[in-house]
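Here's the structure, in structure tokens; my notes come after.
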Amino acid sequence: MIEVEGLSITSAAGPILRDVRLHVAAGERLGVVGESGSGKTLLAMSLMGMVPDGLHVTGSIRIDGAEMGGADEAAWRRLRARRVAMIFQEPMSALNPLRRVGDTVAEPLIRHLGLSPRAARDKALALFEETGILGPERRLSQYPHQLSGGQRQRVLIALALACDPELLIADEPTTALDANVALRITRLLVRLARERRMGLLFISHDLAAVSRTTERLMVMYGGDVVETGATAEVLRAPAHPYTVGLLAARPSLAAHGKRRLPTIPGSVPPPQELPRGCRFSGRCGQEIARCADERPQPVATAPGSWAACHLLRARAKGAGA
Amino acid sequence: MSYFIARRLAGFLLTLWAVSVVVFAVMNVLPGDPALTILGIDSTEEARAALRARLGLDQPVVLRYLDWVAGALRGDFGTSFSFGVPVSGLIGERLPLTFSLALSGMVVTVILALVLGITAAARHGRPGDWGIMLLSQMGIAIPAFWLSMLLVLLFAVRLRWLPPGGFPGWGDPIAALRSLVLPTAALALVQSAVLARVTRSAALEVMRLDFVRTARASGFGSRHVLWRHVLPNALVPIVTIVGLQFAGLVTGTIVIENVFYLPGLGRLLFQSIANRDLITVQALVMLFATLVVTANFLVDIAYVIIDPRLRGARG
Amino acid sequence: MRERRLSPNLIIGAVLVALVCGVALLSVVWTPHPYAVIDVGGKFAPASAEHWLGTDQLGRDLVSQLMVAAGNSMMVALLAVGVGCVLGTAFGLLAAARGGWTEEAIMRVSDLGFAFPALLFAIMLAAAYGPSLSVVVVAIAFINIPIFARVSRAAANQVWHREYVYAARAAGMGRFAISRDHILPNIAAPVIVQATIEFAVSILTEAALSYLGLGAQPPAPSWGRMLSEAQTLMYLAPQLAIWPGLCIFTAVLGFGLLGDGLRDMTDPRLIRERRA
């Protein structure tokens, strides 16, 4: 129910998102993985129509069949919270510090759904229960600073769910939390997506979190999607050198997040310094001549999976000859 | 919370006490002989001695101070030398006008400043922002009394819409309000210039915070986000400046009353200075300083109301 | 990312300040006419080659009066802010160097200063000592002391935690020597910014007090007093109410812009610190 085709975002310094395509159906869970600077947060913001001023967006974003590419702020505003909702990385600062969290969650219910304050409070309580907030009744009248990080993230999830969106975008929702809490939050997200038949776009640099949360996976680097496919499949047999590098950097003994990815040397360069061809060239280590200037086309790696790398094409040709 | 308030209250009372010492010292100890100041140098020694006895100046200074404070606490500021009536009565007569002017000035200032400041912040870096900031820069540099004169030149002398000064009394409420329009405008235009800047920069700072993004992501329009989410969070610095500006409002009222010949406390202060009525001057200066100190105290209390995070804290 | 180029605020402010100070200095050696010469026959003369802005109700040349008034205004501001700045900064440095109850006492006393707006304090002094420009200077200087004490203490406390200060202390340098050699040069920027802004405030305060008859006494020309005289003649000669006000406006705007520009250049975060 969300379909993105040829989405590109350009700044004065050059393209920072190139030709992204993705779709998330009802109840489907898609992960987006990449280092900071890979464009994954910008991608999320563009699906909310909240791209910062000064950036140029082209391409097609279809939400429930409605074309939102080039839509104005008013059109996007009608969509936010009602169809597409979002939760953010920093539960510490993402809640208005001067409001009781119950009022924060009730606000869209009153303004968008026209509920009475009383009904909105009851609904907020139900949402608190659904998102597993402890002592929900009491929490309603507390302020954000009185809650722990995990509880705040649950409040944000409750807020996002208030108007029954069809797609929930979670931008690094577990990064600021410690491992145990992160685990519970990802479980909650999976349960909510299943029970509500809600699409989930889960953005993270934490492969462990993505692997336990999503069915399909998109790996991004420097504003390009470099590999995509079924999560289990991509993690089992990564095709793109960047994905291989990410996986190698993963802590071998399973599931705790919050690790940086130390084995790929360097970091994502700023947009104006990214190579024109394959964005990963320069850090890759297996480059061939055309990598820097020619953009690699997607090569199918398995049914429903592809990766964009010149090596794969060369290898496929080599195998065919 | 109560600890926070108790501490502020103690500081408030201590400051008031210190202010009373300063005022009393300047008016009574430093200048030498108040009787000489009041009666002038051509007065006779007998007349001065008589006046000193009447004013209780032959008493020790500390005793006189205690007398003054005890009286002031009962609302008795002594008898005006020039008017021959109790100072408290003089103050009571003139207080409503000064209060009305200060209140209307404050209200117009805050409304104007919030609207201009938030509008500028919403148009950050665009022509609207530049225009408002230019206006406020000019408003900061304009002396209130000169702005008053310009307003009088335009609206009273040239257009004849409003009276150039004076006050007809509350018997005719319409005329009374009309005579307050220009003084209020002069007061508020100057005061709101600073406040509008503070509002703008506070709002810009808040607009960078994450919860503003959450509010936008919740599908609220930019106006709702600005006024209901950004503004309350910007209020702490704004209220701080409103408190500091109260001093400007008080002195502004004193000046403006004299520009427009409004018979309020500021005018009384100047009449008393002209009449060398030190008793009345002393009472009025103490009153104005008390107002300023009280305003600062109330601002401290207002923080607690605005920001729930301070309620649990020890302050 | 932030470029260190000169802001328009700074340039416009510097030009206006240079203009006002230039005129003030010039008035010491030259004015088009002697400012106090009365020519009742030539009163309310319109602007002409002889009298560039005309004459006042006593036939005195307006330009000459405005020029001398500029000198007086600058002199008052210079003395008042200078004294307030030197004493206030000294107290601020002392508070930061000694810490403990010395710091607490200095800060509590300077809090008291904020209970008296400069204008009210000047009114009180004028009532007790009689109105004069010296009372204005004393009043503004007095009110400036706590302002500078606060600014310099806040800045000095930060510098005291820098490594080279620790190094100097480790080398056995005394608090006084450290304050003089290391702290003072490093808090100069915020103090100068504050002084520029207080200069503007001081011009406004002097003008208001002179307007109210508590500042410059006749025949010394003052923008504020010229305005109060013009007010009684508003129906007769409205032009007299324009020029002195414009002079105050220009001077205050100049110093205000210069102060803002300097602050943006030296420390864009200063506002935040002062709030905290």
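Note that the chains are named A, B and C in the order they appear, and that numbering of residues resets to 1 at the start of each chain.
Quick note on the criterion: a residue touches a chain if its C-beta (ideal position, glycine included) is under 8 Å from a C-beta of that chain, and two chains touch if they have at least 3 such contacts.
Just so it is clear, the structure is predicted and the values come from calculations on it, not from any experiment.
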- Would you identify the shape of the chain contact graph, picking one of line, ring, star, complete or other? line
- Task: Name the chain whose C-alpha centroid is farthest from the C-alpha centroid of subunit C.
- Result: A
- Expressed in whole Å, how far the mean CA point of subunit A lies from that of subunit B is 53
- Approximately how many whole Å separate the CA-defined centres of subunit B and subunit C? 22
- Task: Could you please state the distance in Å, as a whole number, between where the Cα atoms of subunit A are centred and where those of subunit C are centred?
- Result: 56
- Touching two or more other chains in subunit C are residues none
- Item | Residues of subunit A defined as touching subunit B within the complex | 48, 50, 73, 77-82, 85-86, 88, 90, 93-98, 107-108, 111-112, 143, 145-146, 156, 159-160, 162-163
- Message: Per the contact definition, I'd like the list of subunit C residues that touch subunit B in the complex.
- Response: 111-112, 114-120, 123-131, 200, 204, 207-208, 211-214, 224, 227, 230-231, 234-235, 238, 241, 244-245, 248-249, 252-253, 256-257, 271, 275
- Task: Over in the complex, which subunit B residues touch subunit A? Could you list them?
- Result: 209-211, 213-222, 224, 229, 232-233, 306-309, 312
- Note on the structure: Residue positions on subunit B within touch of subunit C in the complex are 15, 18-19, 22-23, 26-27, 30-31, 37, 137-138, 140-146, 149-150, 152-153, 157, 164, 201, 237, 240, 244, 247-248, 250-251, 254-255, 258-259, 269-270, 272-273, 278, 281, 285, 288-289, 292-293, 296
